[in-house]
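Take a look at the structures below.
Both complexes below contain chain A, partnered by chain B and then by chain C.
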Partner chain A sequence: MSENYRNNFLREVEEKVEEGHWVKMCMQCGVCAGSCPFGPHWAHPPQEIFMMIRAGKREEVLSSDSMWMCTSCYQCIVRCPRKLPITHIMHGLANYAYRLGLSPKKQPTQQFASMFWNNLAQAGRVNELKLSLGMYFKDGFAQGIKNAMAMQSVGLGMVKAKRLNPMELFAPHGVKDKSGFHAMLKKAREIEDRRKNLA
Partner chain B sequence: MTEVIATNQTILVVGGGISGMTAALEAAECGKNVVLVEKNSALGGRVSQLYRYFPKLCHPICGLEINQRRLKQNPRIRVLTMAEVTAIAGGEGDYTATVKLAPRFVNENCTACGECSKAVDSEVPDAFNYNLGKVKAAYLPNKMAYPQRYVIDPSIVGTPEGEKAKAACKYGAVDLDMQEETVQLKAGAVIWATGWKPYDAAKIQPYGYDRFSNVITSVEFERLADIHGPTKGKILRPSDGKEAKNIAFIQCAGSRDENHLRHCSRICCMASLKQTNYVREAYGDEGKSTIYYIDIRAIDRFEDFYAKVWNDPNVTFIKSKVAKAVQDEKTGDVVLHGVNTEGYHRYATPHDLVVLAVGMEPSVKGADLPAQIVSDSSGFIEADPANHAFFGAGCASSPLDVNRAVQSATASALRAIQVVNRVARVED
Partner chain C sequence: MAKKTFSFYPGCSSQSKASSSNYLTSTQSMCKLLDIELKEIPDWNCCGASIGYAEGGELPRITLSARNLALSEKNNPGMDVVATCAACWLSTREAKERLDHSTQMKADANEALKEAGLAYEGKQNARHMAEVLVEDFGFDELKKGVKNPLQGIKFAGYVGCQTNRPFGIAGESFENPMYLDRLVEAMGGEAVTYDQKVTCCGGALAFSEPEKSQKQIKDIIESAYDHGAEMIVTPCPLCQANVEIYQGEVNKRYGTKFNIPVTYYSQLITVAYGGSAKEAALDGQIIRATRLEEIAKK
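Here is the complex of A and B:
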């Protein structure tokens, strides 16, 4: 019966977004929004995102940069009077928007997240040198040089303290069974796609 | 030894607040014998600590006086104060209750003249005023106390102060040798009317009740408005005694929150709406109230009261559960932070005084009851056949306002009467 009252987007979120079935439980008290330490800096606080989902504003929600601003401090989860896993829902929405290709392209958290994943997925280990260089140069070559120069002392310090190996740029280390690792990721992706009907 | 005559046709009522008094009176006026047990030194419970009732805004003293008069006139009720039920054994028609009687150190010779109080110097926290002030260690529990008898605080017994109180009494009423007693009472049915307690506001960490002096609870606010309260009825804030003319009420302080009380306490919305009237009464158009709420739950006929307050230009409603309170050390003002659901605007608003509309918790929770009793997830007693002739009444059974608590008490009295009638038929 109550199914009839749910709009298509709410149903879509419930089915396909991690922890999305919780969205209908929000009672719009606003404690998450008020408690978020990043609150003033994002367009829509969680409370508003939940209401937008329930109002069927699909494009606005999925293309919003709000979910990407979450720093996972978990303050909202701790304080939510209805125990909604708000942080997880935010990540779920971000991931779903990304999979659909609707997430904002220039959002730095999203850029870093995809860079981190691609880096990790190659060899099964994070190559920190490539990752940080990737971040430096994400806005073009000239900006990259500037960033690298600004961080020079930190980088050299890390090399001296043996926290950063320059050779990693040419011979990155990884897991022993790389093909097994890739097969595992592929399988996990298949399972996820099947569960969320994303195939 | 305290003599109490009770048989298995007696109804035992535990708790002497408005519900317990009502249940005891209804049963006794139907011709049943009742023992009324109260933990405190006077009857009346939380109702006696209220300044006014909603929605009529009359004084609880009035209703309590009527009940006290009914009690005095009725020989079928035996009242035991400073008495606590520690165990209940047996079953329907044949219960045995163990009752612990704490010493009052004042016997029935007391005329409430107050000489003992004048004689002593030491003071103890004033429990009637939620410890907002102090009283002499020989005190009358409150102005309307029933029985109208002084109490000597155990802390001065065996000290020169105690002897001073004894020497001051012309009637030989101070008896410092009184001991704690335990008595066993028979009963055919038990009405459990132990009422509620305000949720411990210090547990709601972001509101800073334990850190900020100008954050108080709604029950404390009742005492501030009362002429017999610590400020003689003036609404002054605790930090500096300044007149509090800009007051915030935070709803659902503890209630409707899985981290605190999972139930809606039902009365807090109406209590805050009522308390905005205290602010207006004290300061006229200068008295401003702001209510921060999730949604206002003013049920059935209370809707009119809500509409009236809603239209009051001195009362502002902000649809938001406050996220955080911070007290400004210099000014003493409390700044409330949050996001308004209507428009999702951020606010940081200073107030002179913040009142937390704290939720209701059962005084004695399910597992702490002296018998195996079915109660709900918040500890309120259920009307369950498995509870046999053990009936919850008033706020022991559900968060209720005074009106509904009295209805619930009358219902429990009817159930208990049926039980003792069955017992009487078998015995005759």
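Here is the complex of A and C:
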């Protein structure tokens, strides 16, 4: 019976977004919004996102930069009186919007998140030097030099304390079984795309 | 035979010359002093951290941890997995919950793992090193081995997010966990009461949203100073890095004069147990922890 009242977007979220089946459980108390460290920077705090999903506002939700403000602090999860895994739903919505190409363009956290994943997927372990440089140079070479110069003292301090290695560019850390690792990730992605009809 | 043996997952930031290599060095020293044997999981991979979600999605992300757990089951049987990094622990434990909870997730992950010749069964628990200290040793037991008490040093125990939420240490509150303070006290130091103990440092967003994150970092350090702390101690490598290395940036932005050392619990224990500054990897601090260096074995 309740199926009849569910709009298409809510159904879509329940089927395709990580932990999306929880969205209907939100009781709009707003504790998540008040608990979020970046709360003031969310155009729509989580409880608003949940209501927007239930109101069928697909475009507004998926193109919002709100979910990209999540720092993964898990404060909302532990405080939610209805025990919604809010952090994961926000991650899931962000990932889904990104996969559909609807997430805001040049959103810095989206760019960093993609860079992070591609970095680890390549060698199996994160190359911190390449990741930092990639982030500095994401808006072009000139801006990259400017960013790197601005952060020079931080970088040099790290090198001096032996916590950043310039040689990481040439001899990076990584897993030994790269072919198995790559095949595993490829297969996992295939299965996920099949299950969520994303391919 | 060591008193305790664990299957060890050090994580990317703990590798040689990576951002928390001082965490690894001090952990190894601490474990030697506590008679804990760490057997590294052979060929472990990155856990994906939290920020991996955007590109990685759900199953590929969980499969990363499933591979580590499968490698551990195969090579280090009969042990619990122990991680020192907050994100590594969180990802691994989260993945284990999902894999054990859903037969489909487990079957899917195993289909992917087969490509690497591995299988996940779910035989081992994923624990954080802080849990081992608190649950397997306990504060009274830990106190017994102290040779050089950290007397007179006032610490702000900065627990942060991911060793505290959503799992945390059993029996602790999310809002005011006490284990880090008790650990400081067991080592002979003084733990100050301050109001930013579980505040988020911005996490990975310190990179992508520096202004917003540095506001978080400023609040944490300011409160630590205001309540008399002369040093911060944390169980999380990202908390450590963010709160230590951006102090110069925060000072520029806010006109503050912050210069507070940020250390790991493993460094405190190593020093208190009679280890040297080198064993405690105090040379890995960007802001020197001089008070600890003075107490450390010469």
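Descriptive notes on the structure:
To be clear about the criterion, the second predicted complex is superposed on the first by the 199 of 199 C-alpha atoms of A that agree within 3 Å, B and C clash if a C-alpha of one lies under 4 Å from a C-alpha of the other, contacts with A are read in each partner's own complex, and residues count from 1 in each chain.
One rule holds in what follows: a residue touches a chain if its C-beta (ideal position, glycine included) is under 8 Å from a C-beta of that chain, and two chains touch if they have at least 3 such contacts.
What you are looking at is a predicted structure, and each value in this text was computed from that prediction instead of being measured.
Of the two partner chains placed by the overlay, neither chain B nor chain C lies in contact with A:Arg58.
Within the superposed three-chain model, A:Phe112 lies in touch with chain C and out of touch with chain B [touch as defined at top].
With both structures placed on the common chain, the touch criterion links A:Arg189 to chain C but leaves chain B unconnected. Legend: residue contacts after superposition of the two complexes on their common chain; A:Pro81 is shown touching chain B, with no touch to chain C.
More residues of chain A are in touch with C than with the other of chain B and chain C. Shared interface residues of chain A, touching chain B in one complex and chain C in the other, are 78-79. In the complex of the two chains, the chain C residues touching chain A come out as 12-13, 15-22, 43-46, 48-60, 63-64, 67, 108-109, 111-118, 161-162, 165-166, 174, 199-200, 202-205, 207-209, 212-213, 216, 245-246, 248-249, 283-286. Only residues 206, 252, 256-260, 294, 319-324, 337-341, 344, 346 of chain B touch chain A when the two sit together in their complex. Listed in rising order, the residues of chain A touching chain B in the complex are 27-31, 33-35, 39-40, 44-45, 47-48, 78-83.
Interface of chain A with chain C (complex): residues 18, 37-38, 41, 69, 71-75, 77-79, 87, 91-92, 94-95, 98-99, 108-114, 116-118, 120-121, 124-126, 128, 132, 135, 153-154, 157-158, 160-165, 167-168, 173, 175-177, 180-181, 183-189, 191-192, 195.
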